[in-house]
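Shared between the two complexes below is chain A, which has chain B as its partner in the first and chain C in the second.
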Partner chain A sequence: MASLEDNIGALSISDKLVDVTNHLKTLARHLQSESIIKAPQFDLFEGTHSLEINNTKLDSSLLKLSVDELNFDCQTSYGESDEEKVAFVTAIADRLCRSIMVWLNDYQTLPTTVLSCRYVEDMMYSFTEDPTSDLSTCRLKTGHEIYDQVLVSCILTTCYFVKVVQTLFKAGVVFEEEDLNCNTMGLNMLSTVALTTVTSHAENSLKLLRNKYPNAHQLALILQLLDSLARIHDLIPVDQTDSAADNRGTLEVLIRCAKQLKELPATTIKVPNGSFSPGIQKRLSNQFPPRAIVEPRGNEYDAFITMAEDILKVLEVDAANSVVEINQFAFFFNRSRQRHVVARALFPLYLMRDDQMILDKFTFNDFSKQHFMEFSLCGTQLATSLRIQPQDSPLVVKFESFMQEVSAVLFEWYQNASQNTCRYRQGYNRQLLLWDSLQAQIEVFEMELESQGIKDELGEESTLLPLTTWVYFMKLTAMMEFVLKGFELDVYKPWEFYTMYWYSYYLAQHLENNLQRVQRHLEQRIAVIQAMNKKLKKLKAGAKKDSLRSSYRWCMDHEMPQLRSNFKYVEYLLKKCTLSKTLALVEVFHFAIIKSIGVIDNRDLSSSRFSSPELVHKLRFKTFSSIGIPELPSYSAFQNSLNEFMIQEPMFTVKFQRSVEFIQSELAKAKAAVDFISNAIRQGEDKDHELITGTHLVKDQALEYYESILKSIEALKSNTNSLHDQIGSKSPNSFTSYKIRVQTAPQACSYYPLLTLQKK
Partner chain B sequence: MDVRYRQLNISDNNELRHVQRLIDADLSEPYSVYVYRYFLNQWPELCYLAFKGDDTTPIGCVVCKSEQHRGARLRGYIGMLAVAKEHRKKGIAKRLVTIAIEHMQKTGCDEVMLETEVENVAALRLYEGLGFIRLKRMFRYYLNQGDAFKLILPLTERSCTRSTFLLQPETELA
Partner chain C sequence: MDLLKLHDFIGARVFVTVAGNRLLSGTLVASDCELNLLLDNVEETTSETRRRLGLVSVPENTIESIKLHESALNSILKRKQTLLRDIV
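On to the complex of A and B.
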């Protein structure tokens, strides 16, 4: 090493390169196999992302390019006649356009899709070298306008859209490599260029096509589509000056163009040979293993339509009339089908703006407060105190400070709603600690308030604690989602079904109790206001009556509508909770029946070699082990609870029949509840309906969800009948030749797979 | 068939090449030499090879590591496992994994973790047969875009407590 340093020292400063080959070889010869030289920060992640020279799987400089690829010249206008040139440019633009969707929908990388276009590489390389905002360094010079003007517009709009996606990606909502690959190979995607510069360029090209190339209909459509893609930039609220409604037109143009393009016959002219190539991976700094370029599959224009429709759906949240509607929008919009990655990335940014506003309607704190008001806070002593006390009073200051904490957790909740299906579950895992900690803090605050007389009695020495009640509701809902989503993701083995469903049932019971407490408060408060009216009628005219009348009017104008609305919403939540409870209970019964005939066990004895069933159980419930309320039942409580559901001799057949009848009656009640909820969703915000679901912006999605629950009910019913037929009056010991198979009925809710009995 | 199992000899460069050959033939993920060096040089005692009789060319290998996880627990990790095609379905993979876990348990690991493709039924059967459970699913985890399960086998109680609470014992009862 010393001699290497001597050599470097001896070199004149004009030498940029030093030949270290011999020194390296000498040093390498002395390296022992046991030795490892690595930076401390080189961990497994670094290792699995490292490349290796001369390894064909990892070294993109070893990529072999064809002669056409090597000789391809971006400054040549391919095609003999004008007609042929238009056909070539149309084919290039079509392929480029499709590449965008291959990139986004098939989770491919940019170098294997959009950046594999030689024109994109060439122009963005020039721009990166000299990033001028007037695009003067971003040109083609073939000498033909169809390339130099129109194709350039196609490239610019495409790259601008890549920039838009990069902006969304940088906001940190979606994840690199799993949701999206945004590696631009170090190329600058028009960072200094304004949208108007690009759209003006596209407008000029469209004018040119209209005037001089009236037959280039397909090319014009593609350019229009690409132009609307670039304009999606205006939907990101960071730079938004116009209202969303004004921008909706962009997406409608996109959909219209895509619909027309998908109907056009496939072009017979192919792109010029070498115009799409993996060569960029060889020419530019590539931090990833070499990959073949990905050919479009043919459904790309449909994918554009889906993306645009999904973004339009996100924009619809603007029309929400209440926080409940925003909340329900977030709950349903990404539920039955995972939305397009661009829509998912946009949703939280569109909803929760950088200027600390929600949809330009609420501040973060007001938004949080409104969550309480539309659930349990309205009509409480605390609400009254907050209204009458000065803004700088300790109560209001402390409350606002809590609202900031609530906003932080709510931010996580809303952001989680648009995550991919796996991250969604993990998001709840993280959130639970936040909700739990918030509940503990807010409960202490409310207990202090109670000691000052700010409390709402619920009877039987119980009080409401409106803030704690809402946080607890959110926490329980998150816990249930975390547990049930595990079924959809196939995280649980059949032997775990009992514990997971029993725990679900346990959580649903707590949720039901909590909702019933809110319901009681709402009923009481409504009754108090109604009683004021009766009292008014009895009172004689005078100051007392005037004061009561004034209070009554205030309550009727400001409290009653919200109380009634909250009552109907909580009624909906109760029905929904009952559904979850019933379905979990039926799953518990199915497991217990099958365990009773010895075909399944709720413990996996294979863990005994290195671990134990109890330790494995504790690992499964690690997420909940630290949760204060509801307390996690002990391992033995889980084990013992199963005995209560199992069917034992004597009189096995009679007891089994009773279980079956009970299941069928519970499922009938569940079906009635679904019908009731679906009816409420269909009727929308009809004031006469007993429920408010808050789903008018996601009506189809909510109906689809409840339709899937209905299918689950039918499937569970059918499985109950099958178990009844299979077991009948046979001895519980005669099922040694049977096994379990997990099935999900078509279109049924993935939270409720079936445990079916099958012959081995 | 008589199969011998032993730890890798890190002083023998050929053994690294054998491991590379076995893994490269089988796994969809292209690993650089740095990944192999990362594991084998730091945890040679957690790499086991399987040999047929007196042969010197291994027919299977398991590559593991063990490290502190978030400063809260000692986590064993199974990085790679491969058995030559012609020697599969003879229990060699299970034996290799078992030996590795035994070593991890002896050296104080609180848990053993690994990731495997959701579609890799054979791997899931093998690990779940040893008591591993699926803790979470990871979206498009592999280069081939497949989802993965993160599997964990708890060896001690520390595996069953959130890291946050292991780091702050005073809040454990909160």
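On to the complex of A and C.
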């Protein structure tokens, strides 16, 4: 107790302490049982996160450390001979290196992985106490170079990589706990140290190994791998002079080292006892319960390869030739498989840079404008006005101001593309209102322009409104993604399948109409330009002909290629939309068939007297209730639509047969559409193809996605056949012994689970 | 000190000695009728370390003593006396 009193002295308690134990005990006894006295601003719910003293599960002070752990000395060079020392250091470096991937891939914390290494704790503690940029406070003094130079390099490169991940994490793209745990226990991870200081330390170590320890091949490989990990820092763009292409070599080295390391036989030498320990959780400030340290499982070098390949994939976006390609890259790169957390965190930072540039190619406003140009703006009156009017004209100024607002929402979309699968849906939820509000504002702007004569007729008293059309397209796409992602995440109960798929079908219908409007505009504009050529041939030589020729040439050079490209892209979007519509419709039919035989209902039968099916339905559709267009159908509209899909007596069997035939023909059309799209993706940028998919940078991922859609089509077809066989010509009332089961076919798209009929 | 009720101590920085030669200093944010305490911004001091623990619940059966700075206690008392006088 004396030493505790000494420490109390160190707390600089100059004031006398008064013991109030007995007084407080007496006061507490007078409180009514179950009453709690608390600070007004304190939320008792927070109390559930508190660490309980003397509870072994919550109190890190109670961690029991072994004698080896207690006595471990970082300033001792373990091992008798040089060979043994090399073997020990190799084992420590190997374990440390593997710990990095255990941390990142298994959602583990730093104290149970990287920081459990005593050398890391010791060196970073010293550095935190005195953070010098020359690393003079970050050393080991065992007296042996294999520890003092080589192991130190391993620790420094590892910690520098932790700093890189911290930098990515602080950008706010990925989330604490669900994506990554970045708690460094208050240790400073080389914040003041430059990358070159660390890499030159590593280079010196590699030289030492080559010259004096030629047999330390594994150790050299590990150090090379760790060195390339630290160099990932240079992939985070800082200014326009950065070129990721120059840094790709870093990742190739990383992959090469990891491939060699995973082929090496497991080392028989173990790390020195006590060199990896949970003790840091007991020694340093810690607001978390104690946890056992996590042993590597053996697949860590494969994980390094995956991470490096995923980062390389992100860097490929640099090669995009158009905004459509960037857009499709973002849509597909993280779709079929969730990319590594480091790659996901890097993507938005790499794409949208601090210097207000997109990939060093576009300013933010130009990037947004190009989204319109590559969809609906090209060849419009507005595009012409923007080109010919002065930069300070009210039209251009207002347009640019809108582009800033568009950029803000568009960047949400791009950032969302690299989110983890659950956040992805939440991101769309957040975007819906942003797109909706943007649409409302931009529509007013375009209506004003129309009153000034800047408009593009589409026939039948309808106009294009190119800006609104694109925003509406983005909104509808976001709404559909939000709805369908819910199936992947098991958000909906089977009884909700009908409403969600019917709503999805409804949205797809609106999207299809919107895309057809754009297509009509593109066709019209292409026809106008082609007509100019015919007119030219008829005109006699003169000023009028010269003027028309010059207009025609300008249009052919500047508008026609983009118009044709836009047409092919919109054609692709239409095919994709039709696919979504068809699959949603088939799901609707399946539900209606099963409801027709009384095995499922579209209402929550467990609704209590405090709720009702209508209230539960409204809660599910709350997100959409404030969306202006398309209007959310009423509850009764949902109910009535189901009645129309259901098969009623008389002639149940005949009607059922007709439904089955209709489904099969729709699925056949969907399969043909997938084949067509996949063919276009395979052919890439072949100018002769009718579609432009913009997927040449994510060809494999896009093909994988459409392959999954194909699998869903096959699964839906097979389920249709099963329903046909099971129901056949039986009476619709004879299925009381059946139940439904939700299944997803292997490798099929998770947006389209199957409602299958099974015996109870 | 008899003037003081339990809620008067809420918000005070207290020094709680618990089993195992540990001293916890933190802000008292809540207590129940058994004198189980919730302390925030806790700093733990032992013979070996001093470290921060954040929000900590201290079961009554682990508490050896609860102390306050004399000046803090006087300040609480003074505040209470002023309050009572104003009410009267």
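Everything below uses one rule, namely that the second predicted complex is superposed on the first by the 707 of 760 C-alpha atoms of A that agree within 3 Å, B and C clash if a C-alpha of one lies under 4 Å from a C-alpha of the other, contacts with A are read in each partner's own complex, and residues count from 1 in each chain.
Operating definition for what follows: a residue touches a chain if its C-beta (ideal position, glycine included) is under 8 Å from a C-beta of that chain, and two chains touch if they have at least 3 such contacts.
The structure presented is a predicted model; accordingly, all values stated were derived computationally and were not measured.
By the document's definition of touching, neither partner reaches A:R353: not chain B, not chain C.
By the touch criterion defined above, A:A28 reaches chain C but does not reach chain B. In the superposition on chain A, A:R425 contacts chain B only, with no contact to chain C. Of the two partner chains placed around the shared chain by superposition, chain B is the only one that A:Y107 touches, whereas chain C remains out of contact. Applying the stated contact rule after C-alpha superposition, one finds that A:L615 touches chain B and leaves chain C untouched. Look at A:D490: by the touch rule set out above, it reaches chain B but stays clear of chain C. When both complexes are overlaid on chain A, the residue A:R520 reaches neither chain B nor chain C.
Of the two partner chains placed by the overlay, only chain C lies in contact with A:A39; chain B stays clear of it. When the shared chain is aligned, no partner comes close enough to touch A:R682: not chain B, not chain C. When the two complexes are superposed on chain A, the residues of chain A that touch both chain B and chain C are 32-36, 38, 42, 44, 47, 50-52. By the touch criterion given at the top, residues 1, 4-7, 9-11, 14-15, 17-25, 29-35, 38, 40, 44-59, 62-63, 65-73 of chain C touch chain A in their complex. Put simply, chain A touches chain B in their complex at residues 32-36, 38, 42, 44, 47-48, 50-52, 55, 57-58, 106-107, 175, 177-179, 289, 420-423, 425-426, 429, 433, 440, 489-493, 496, 604, 606-611, 615-616, 618-623, 625-626, 628. Here chain B touches chain A in the complex through residues 10-13, 16, 29-35, 37-38, 41-42, 44, 65, 77, 79, 98, 101, 105, 111-112, 118, 128-131, 133-141, 143, 145, 147, 149, 152-157, 159-162, 164-165, 172, 174, going by the rule given at the top.
For chain A in complex with chain C, the residues that touch the partner chain are 1, 3-4, 6-8, 10-11, 13, 15-21, 23-25, 27-29, 31-39, 42, 44, 46-47, 49-54, 61-62, 186, 282-287.
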